[in-house]
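Here chain A shows up in two complexes: once beside chain B, once beside chain C.
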Partner chain A sequence: MIRTPLRYHRPRTPDEASALLVEHRGDVAVLGGGTQLLPQMNRDQVHVGHLVDLRGLGLRRIEVTDDQVVVEALVTYADVLLSRDLSRAAPHLRRVAHGVTGGRQIRNTGTLAGSACFAMPGSDMPAALVGIDAILRLHGPDGAREVRAADFYVDAFTTVLRPGEFVLAITIPRTAARTGYCKVKHSSGSWPIATATARRLDGSATVTLGSVHATPLHVDVSDLASNGPVDRAALADRVRSALPAPWTDVLAPGDYRARIAGVVAARAFSELEGVPA
Partner chain B sequence: MTIQETPSPPSLPEEVEEVPGREITLTVNGRPRRVRIEDRQLLVEVVRGQLGLIGTKVGCYNGDCGACTLQVDGEIRKSCLVLAASADGAELTTIEGVGGPDGALDEIQQAFWDNDAFQCGFCLPGHLFATRDLLDADDDPSEQDVRDALVGNLCRCTGYVNLVKAALDAAQRRRTTGTADRRSIEEEGPRPADACTLHRGPRP
Partner chain C sequence: MTQSPPRPRPRDDGEATTPPPFAVTPEVDGDTAVDREPAPGRLHPLRRDGDLLLTGRAEFLDDIALPGLLHAAVLRSPHAHARVLRVDATAARQARGVRAVLAPEDADAQAAPLPAFFEPSIVGGKTSTFRILAGTKVTYVGEAVAAVAAETLADAEAALELIEVEYEVLPAVVDAEDALAPGAPLVFGEWGDNLLAVFPFAEGDAAAAVAAAPHRLSGELHTQRHHTAPMETRGYIASWDRAGRLTFWGSTQNPHPLRTNLSTVLGLPEDRIRVIATRLGGGFGHKFNGYAEEPLVCLLARAAGGPVKWVETRADALLVGAREFSHRFTVGYDDTGRILGIQDRVVGNIGALGSWGGWSMTFPAGMTFPGPYKVADYDIQSHAVVTNKAPWNGARGYGKETACLALERMVDLIAAERGLDPADVRRVNFIPEDEFPFWTAAKHLDSGNYAGALDKVLALSDYRGLRARQERARAGGRLFGIGLAFELTPEGGDFAGSFVRGYDTSTVRVYPSGAVTVLTGVTSPGTGNETSIAHLVASELGIPSEQVSVVQGDTDTCPYGFGNFTSRSLATGGAAAVLAAREIRDRMSGAAAALLDCAADDLRFADGNVTCVTVPTSSLSFAEVAETVYRRGLAAPGLDQPLLEVTRVDLPHNFHHVPDEQGRFSAYPSYPYSAHVAVVEVDAETGVVDLFEFHAVDDCGNVVSPRFVEGQLYGAISMGIGGALWEHQPYTTDGQPVATQFKHYLTPRAGDLPAIRLDSQHTPSPFTLLGTKGAGESGVGGGLAACVNAVNDALAPLGATAHHLPLNPPNVLAAIDAATNPGGAR
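Up next, the complex of A and B:
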């Protein structure tokens, strides 16, 4: 039982939602899928007097056009897995959604945008979105604005969202890029210890690491891929030197994450390039 | 024996803080219900408390164990992760709504019974719903598919071997009796078992 009284709001328009978030500033949270927020409230770790549920705004569509994929705020992992259009247009999202922990029940409940906003270092979404150049479409009291996922994360559990702002949708540009993903976790039911999104487009090669740093760690390795596959030894060195302060939490110490980060990056490229690590 | 007079309770202060609440409408196991809830209540609390359907269990309150699994608008969900107010208007199926009207077990339940697939039974609603969810999408799952489909449910009696056996047996029974839902799975479409990268090689 959530111990403190709570008032539930279900606004009908984005403006109404922003107004509620401003009105109850400091004592309010946005309810998306609820998989993170509700247990924390139930454990008395988060105290807010007001919840703004986005359900009244719809926001459950996946829209695929010639140049982009739009994933609205309440799209769940299961929605992503069930969308054939999205599988073709943004296969990386589907790849990441596969490995989300907690079973079908969680994939029917958790939202990609919610995970993006929660900004938990040891989770899939933040780094995966940075890795594919996603853009977050925000709505706030001053209207809409767009922020690149790469600019969205300030620190662990902290984003650039201002009071009254919330995410309306995630936009992923359609490109000819190829991607690969690797995630290491202790067991089928645990949070990631390290993730890597490898991406190659024309001459560029990048890897974005998640769970190993407070915020997603984006590393350009284009110069290591001039003659075909990315040079694995140089990749490991590059990743290690890009990681001066690895993330530590109850699941794994930072030095362990730092040690496996290079391997995880290499495996993501192996998936992309179809060559053994 | 003398009966002591109960002292009258201290009078409540004038301004009792009102706990926000509302009335919501649900369809529960096919029956329309209007329920008075507090805004802070989780769906599992309303299902067990106000609706009295205690087949749905409270395990971890953290989305880990799956004991509170039920169906919301046809999708299996962990009801400790759903705010009741947010479920207003939803159609719920709890474990009480799964068997026949006379209390008869459905094929999956019967397979669980015959395979000794539970000991204390606390995790049972979740395992039954997760199995049903898998078999509705895939009438001939592999053992790995079953394991992946059950990954969101914990059994503290650790009866996983028989749980997997029972789920495979249930699939077999459904195919034999022709009650399997042969919903075609598109070539490119997802497989319910695509749940866990741990057990699977990379998917290019």
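Up next, the complex of A and C:
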């Protein structure tokens, strides 16, 4: 049960929201779907006196234009799965959203932005967003700014969000790039243990690994793919050396994650390139 | 209490495709000629309250809302081992909404020590004294130290933070082998060591037989701490009335023994306490009685002057341990794979002892040997070792699953070493069908056709086809594994001296309207036994099932009973209800004979009527007979037994408590068994196991409700699979439990399980009234062992063995690495 007295705020404008976040700095949290935040408050792991609910701002739209997809902060996994436009314009996002577990309750209430902001290493969304070059549109006391997902993550559970700042929307540039994906986890109830989003566009080849490190690990392997598929042995080496301090949690030790990171990366490329691992 | 009311008779537009029901064989149940067919067109009695459950209207403990209900929270030790120097609750008493606070000294002043669910000293084990709140020393993280009742749960939890406890932290021991080492920290200082008990189970001379055997092999097996995880956690509500009478609602499996314990702890006569066991959202042993929170809510309610509820959090539920076993075994065998001798040192890390009963799982863990196999010489030493983890409580499988796992691994290892088919090695070792009843050191096996069940599961799974598929897969470099397991599941145990008893009691009562109520001492954890009991009684009386209600779990109403454990309900309470119904029928026959002028032997009870078979027009409805007995009993000729209420006791007639001249005894009466085939593919690069087929054949003797038995098998096999592959409560080296949520403690979800295919065989028990055997636990060991065997079979081409459970990806990959890259980085 939430043990502390709690004040609920429902601002009507982004500026009001930022003002509240500044005013109660250190004692306030943004409420998205609440699927992470509220259980943590119930378990007495997060204690704040103020909640700022973003629902008064709308923020439930998915907007697809010729050059980008905008996913507003309160868009849920279910919204993503139901949007045909998004499926066409950002199929990778749909695919990753589809793999989020927890049943209907989580899909219907959990938001992509909430997952992005929670910055938990063992979750799906952060690395997926980094892997498709997503940009987070933030709002703060000084107005709006944009941050690349790749620059958003500082450490486990820590982002570059400054006091008073919150995520308004996630934008995903539409490109001709195709992606390959691989995820390893123990069972359907498990957090991801390792994910990889592989991407090739023109001459570039990148892979973004999730859940293997405190923050999403973006690895450029363009030089390993000069003439055809990415060289698998070199890829494994590259991934290994990019991962000096693998993430450990209750489900899997870091050495296991380090051990399979290269495999997961290779499989993502195999899917993308149509070449066996 | 669950009260399943009579229901209106449903329409008889039935289904026609389910297997034949109620396979009660007349040879065994010779005493009755009753027709156990359900209503025409219906092949299985409808589950009672299925509509309430499916529509979310069934009432569970947490749904009970008494006026003025207060909420309890418990302060638990953050240390695995510490002396409690001081508990100061002054500030908490002043906190918002707080109505009562209990520190250890308060509880001690008002309550006696907690009685053990199963007192170890009864079987020669060490023991200790356990209080409701630990005031001198805590022996595990999570041990209750203080408690608060407040107007809201939030207030109660907030007040906990104001209670100051000063601890002197002591060194903790969490590993069983470490705990046995000299100089280990002592969980109970007065014991001198950390060994609660050793249970030996032996026949012949195992050491000599193993030494003389043409071949032998040794190995080690480790199962992780994993337990049951009922969807509904525990919970209790206590309410005192003005006269000082206590009403207690509990999500518990044993309402009557719980009442006895409350009486002992609170010093209150038992008849001043009413315990009502609420509908359970799963039990599995987790809800055996004996927990500190049971009397704790009573003390809080008395101190607060209002009813108090406590509901276990998921993190607290995940503390309650089980099944952390290790085996060190040597087995000797001949060229054909026949086992000549087994030695196994079994060690159970039972956590700190408490008043909970789970430590006793170390007993069946040894007793179950040598399973379905005929082995003249074996020596099993089962050790119960205490550590600074939370204590065990019961867990479906009850230690029998670990014996199954060890035996089935041994058989597969022998097969692999000899190059034999694992099915053939099982076949040469089975106890032959014509040797039952069969004695082992501590079991009198009732009946069995083990080879028949094995053959059936091989056919069901197309075992030969599977081996052919495996050959092709292996040729393609894939790790394809097939795992067999044969599980013997001792059921219905009786431990005289405790409240874990092998008999139970039922009352059948007929009202003037013809309505029938069964009051029974067995309870249901959600398995549906009330439906089966109603059906059995209805069949005896020739009335529709819907005319029979079953009352369970209310100590004010039901005869004293032991509740739910060890798959005992039908062979005890069910059989007692049948005996009582038969006596009722005899009494009503006497009356009907006089009323219809027909010989009592010529009366038939069927279709709601009592009919004279020689003059079929001569008939009365069941209700007319009942009403006439009430209205004219002792007043009309021939109506001289007006009491239409009978209470009977029954049990499986296969207990042997007094050792025979060879020292053999049998505390379990009933021995169902099951044969399993699991099929997996292992991903060599990641260690991920894909379980994609599972087949099982079960033999639990005669079956009353086939779908309920299937339901039990699906659940038990899933539990075994979960234990084989994922479920784990890890501890840090300083004794902190790590899994606090279902995102950490990974039980299988539907998508993780293959469609489990079942078939059955029916070998009746000659010792139970209806020829039934227990049907609630079979499958835990089989699911566990078949999966572990399948993974090991898959890894065979790499020369790897995976003997450290769970076989989750990190552990499987470690096993692969150990074989393919010995001395490698990992």
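We take it that the second predicted complex is superposed on the first by the 277 of 277 C-alpha atoms of A that agree within 3 Å, B and C clash if a C-alpha of one lies under 4 Å from a C-alpha of the other, contacts with A are read in each partner's own complex, and residues count from 1 in each chain.
In this text, a contact is a pair of C-beta atoms (placed from the backbone, for glycine too) under 8 Å apart; a residue touches a chain by one contact, two chains touch by 3 or more.
A quick note: this is a predicted structure, and the numbers were derived from the prediction, not measured.
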item: Touched partner set for A:44, first chain B, second chain C, both or neither; value: second
item: Touching partner for A:263 - first (chain B), second (chain C), both, neither; value: second
item: Contacts of A:229 with chain B and chain C, given as first, second, both or neither; value: neither
item: Contacts of A:1 with chain B and chain C, given as first, second, both or neither; value: both
item: Partner chain(s) touched by A:189 [first = chain B, second = chain C, both, neither]; value: both
item: Chain B versus chain C as contact partner of A:252, first or second or both or neither; value: second
item: Footprint overlap on chain A, where chain B in one structure and chain C in the other make contact; value: 1-2, 4, 43, 101, 187-189
item: Footprint of chain A on chain B - complex, ascending; value: 17-20, 22, 38-42, 45, 61-64, 66, 69, 75-78, 80-83, 85-86, 126, 130, 133-134, 148-154, 186, 188-190, 192, 194-199, 202-204
item: Chain B-facing residues of chain A, complex; value: 1-2, 4-8, 10, 31, 33-35, 38-39, 42-43, 51, 53, 55, 78, 81-82, 84, 87-88, 94-95, 98-99, 101-109, 180-183, 185, 187-189, 267, 270-272, 274
item: Residue numbers on chain C that touch chain A, as the complex places them; value: 152-155, 157-158, 161, 315, 685-688, 725-726, 730, 738-740, 742-744, 746-749, 751-752, 808-810, 813-814, 817, 826
item: Chain A residues touching chain C - in the complex, by the definition given at the top; value: 1-4, 43-44, 101, 184, 186-191, 193, 250-253, 255-256, 259-260, 263-264, 277
